[in-house]
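Working notes, beginning with the structure itself.
In order of appearance the chains are A, B, C and D, and numbering begins at 1 in each one.
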Amino acid sequence: MRSALTTTQGTTTQDITTADVFGACRGIVVRLLATAEELNALDALLGDGDLGSTLASVARALEAQTEPLSDDLGEALAGIARVIAATSGSSFSGIMMTGLLRASRALRGRSSVAVAEIGPTLALALEAMSRIGGGALGEKSVLDGIAAAVEALRQTGNRAALADVDRAVQSAIDNFHDRPCRIGRARLAAERSIGRDDPGMVALKRIIEGIQLGMSSVGSAERR
Amino acid sequence: MKKVINDPEQYVAEALEGLICAHPGVYAQSGKTGRVIVRRTPKPAGRVGVASGGGFGHMPLFAGYVSEGFLDACAVGDVFAGPSMDSVGEALRAADRGAGVLAVIGNYGGDKMAFAMAADLLEAAAIPVETVIVADDVASAPPPEAGKRRGVAGVVLAFKVAGAAAEAGWPLARVAAAARKAVERCRSIGVAVSSCIIPTRGQPTFELDHETIEMGMGIHGEQGVWRGALPKADALADEMLDRLTADQALPAGTRVAVLCNSLGATPIEELYILFRRVAHRLRGMDVTIQQAHVGHYATSMEMAGASLSILALDDELCGLMEAPSACPFWRAP
Amino acid sequence: MKKVINDPEQYVAEALEGLICAHPGVYAQSGKTGRVIVRRTPKPAGRVGVASGGGFGHMPLFAGYVSEGFLDACAVGDVFAGPSMDSVGEALRAADRGAGVLAVIGNYGGDKMAFAMAADLLEAAAIPVETVIVADDVASAPPPEAGKRRGVAGVVLAFKVAGAAAEAGWPLARVAAAARKAVERCRSIGVAVSSCIIPTRGQPTFELDHETIEMGMGIHGEQGVWRGALPKADALADEMLDRLTADQALPAGTRVAVLCNSLGATPIEELYILFRRVAHRLRGMDVTIQQAHVGHYATSMEMAGASLSILALDDELCGLMEAPSACPFWRAP
Amino acid sequence: MRSALTTTQGTTTQDITTADVFGACRGIVVRLLATAEELNALDALLGDGDLGSTLASVARALEAQTEPLSDDLGEALAGIARVIAATSGSSFSGIMMTGLLRASRALRGRSSVAVAEIGPTLALALEAMSRIGGGALGEKSVLDGIAAAVEALRQTGNRAALADVDRAVQSAIDNFHDRPCRIGRARLAAERSIGRDDPGMVALKRIIEGIQLGMSSVGSAERR
């Protein structure tokens, strides 16, 4: 790992700063690289089998990113969106980029944000992802996972919420297991998708695992 | 994985490089990451640009159709993964010759999002962009949900129509209208006989045993309408044609362009055996084959199988389909 | 056997019928058994005719090259079995436009015997016939026995040269001399990645496990020079090129036509990856690629694999190779 | 089976007539159709796997032949050559056609021929096959089988010779088993051909079996 992901440092407050974003990215990179095969395999069952590879390429691009993340949280998220824009045009990437850009707009000019604000910000992002991607809740896509995360964040206002989010997303995956995909490439395999996990939701779970991994590795001792 | 390749990660870059080495007078590479293919010699200023973009592994689709009479620029993604938004933006900009740009793309979520976002940026820079989405695969959704259908080999026919209209000097709205008409009058269906292998995955995307095929499968291995024993070629052709004509009637007297396309490994002999039946059937319906294209147009790497596309022509489409082109992958029939 | 076919016995007849249905302005069927393909519009009288013939299952070779700028007539055999002597005689007669006929055929015993016997009959009828045998496969015999070599994809290049020379109005001896020169300056080698299936046999002609290839295999599955693990594409291209240049030196400054040909199932992407390396290597040798052809030219039905052919050009050959043609399987590069 | 092969009738003399040729053809047709797969498989090992199919197509063409065979033996053989000329252009067919045409020339105008003349006639045919096909004895091809037949015919002058010819051809196959093919497509697989039977010699053996079958079915009771 190089520069941007290695030069900024952690924080000791409950508030979220670019250092956290940076740590989260570092964890996401590790998790996405480790689970690329799994995600490809899931996507191969319902879509075109590239989800793991495209996310791995995004991960590698994040890893190779030499520009440090801005201390402006909005700018930092826009920087991540730019890396995706330069790397991948898959559906999942497009959705993520849309969400990041919306959150970026909400956080522009801020150098820190309270944990309690994350949920509402994510809700804004979710609305944009749904609007631009043309998907709705209940269609068994990453959107349903994000909705579950927004809900979980509504409950807790501190960093421990991450574990709740992780559980909530897993529950969403499980809840949708026996329902059909109605959006994305898998919409065309709706029948077949019943009894199978939505690859995008599983990717979200891996991303959240990465965030947990990365945030705690940045300074877990100081937390809570 | 029995692929004649080097590093799977370099699959796209090396194939594109080979394409340009082989046809240096036709293609040139562009874009920050090299993932934009443009014409070696741009079309005259003042004409509408035609751009596209899509995942890789469908050669000659998409980038192979950058040529006089076809596209001006094309953004290239990874295998079965759409181009990055940046590449799409670069392709749209490269295609602009001062009269606006028509984007002709397949109906895939990632591609649509990337083109929508990139087009917004271009329009902010006062370059008008119109987008035509090709959704020709009748197997992928019933008629009431035709908007959900995948774009497959019909994309090539839409390129041809849009490219010829742009070359003729028509304004953007008219070029877009011609392309849209082509899309409305075009239907396709594919049948998969064996799987392809995404280089970075190294194993087949799906499994079909030694006598099973999948009717209606998409060009990335997306689910089709049935799996079952391989029927005789004539029965296969009949079913494919029946599905196309059930979706778009072809009254006696209609003129059509037919594209009988290999998904990759299916040899030319088998395509002609399939096409023969289609030609007989169309003749029986008093439908005139104005143009036939039989060969490799929109593939899925080494997937075995074929697709059949039919474009119902009117005078305008007929003229555009017959206009000359310099594309190495388009043969005057 | 996973082939998109009807009755295996009708494989050839149906594929030929499809070919003609698809290109009615190019091809016509002739001969007592329909096994002769001729041009829809014969060339002007007084020009040399160019004929060929061979087994089936190599599309577009042989009959696909009946077109303006290429062949006048072609006799078609069964799958991997030469045409009957009668068909050959019919093809030679059909090709005759009053200035004699050049037969360009691959170095196969059956074809040679059929053409020799048929040519005798024609010459008895005072129609001069010259025959040029293409034996370009360097893997099939060492240089001292070059006369024993198989004819493979180089046949297409010989067709192009002979066809262009005949179209130019040259007399028979000069057309034959040009074709002979092309044959002398052309070398090919193939590599098989998986087997083909003869329809009437219904099972693979040979077996290659999931990581084994055979270097130097012929287009009917004839033995090559080694079997072993599939190397990287660059190493494969290097070995193929090295074998060609070991047999025919390409001094700096040489201009060449390169044909990078799929044996059937190998997709276009892989051909370009192979070609890329060949282009790099030739550039390093200061050899100019005047023309590159990458695609399906001389196949073995669904066999996976590729072949590489190099024709060293002089001014005359260069002109003939670049002459226009109306063949649906030949693309202006 | 139709016309030509069913209308002519047998003979009671030791001399060979068109009736014998007809009977032989009928037997050859049966044998070639029955052994097509075997011959394809042998040819697949050393050549291109089409020997059985091409001979089967010749067999079917002979079977479908509607013109009766001429009583002139030379004309009868030429008629068979014409059927091959109209049907197949494989190496084996070319060789056979060449031999038939040479023998046809030797027997033109004759309506019967003594068994003792068969050997010398076959020798003439062999010479032509070698000249036109460019092959020599010892190269492990059908020519070596025919040479063995010529030799066997030199020993006996009556119809019983057929059994000797059959044995002689089998011996030739066996003798060449461990030698390399030096002619035809198999020349390119010379190494691999060691330890394998030459497909063309085996085809010759099947043809001779067919002749035995067909000739005896025409009037075996009257023979010897």
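The criterion applied here is as follows: a residue touches a chain if its C-beta (ideal position, glycine included) is under 8 Å from a C-beta of that chain, and two chains touch if they have at least 3 such contacts.
Just so it is clear, the model here is predicted, and its values are computed rather than measured.
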item	value
Subunit C and subunit D, separation of their C-alpha mean positions in angstrom	32
Whole-Å separation of chain centres (CA-atom averages), subunit A against subunit C	55
Centroid distance [mean C-alpha coordinates] between subunit C and subunit B, Å	29
Contacts with two or more other chains, residues of subunit B listed in rising order	none
Residues of subunit A engaged with two or more neighbouring chains	none
Pairwise touch network: line, ring, star, complete, or other	line
Set of all touching chain pairs, with the criterion as stated earlier	A-B, B-C, C-D
In the complex, subunit B residues that touch subunit A	32-33, 53, 55, 75, 77-88, 108-111, 113-114, 116-117, 140-141, 148, 150, 198, 200-201, 205-206, 218, 220-223
Touching residues on subunit A, where the partner in the complex is subunit B	37, 40, 44, 47-50, 53-54, 57, 84-95, 97-98, 132-134, 183-185, 187-189, 192
Subunit C contact footprint on subunit B (complex, rising order)	2-6, 11, 14-19, 21-23, 25, 56-57, 59-60, 193-194, 210-211, 213, 230, 232-234, 236, 260, 264-276, 279-280, 289, 292-296, 299, 301-302, 304, 306, 326, 328-329, 331-333
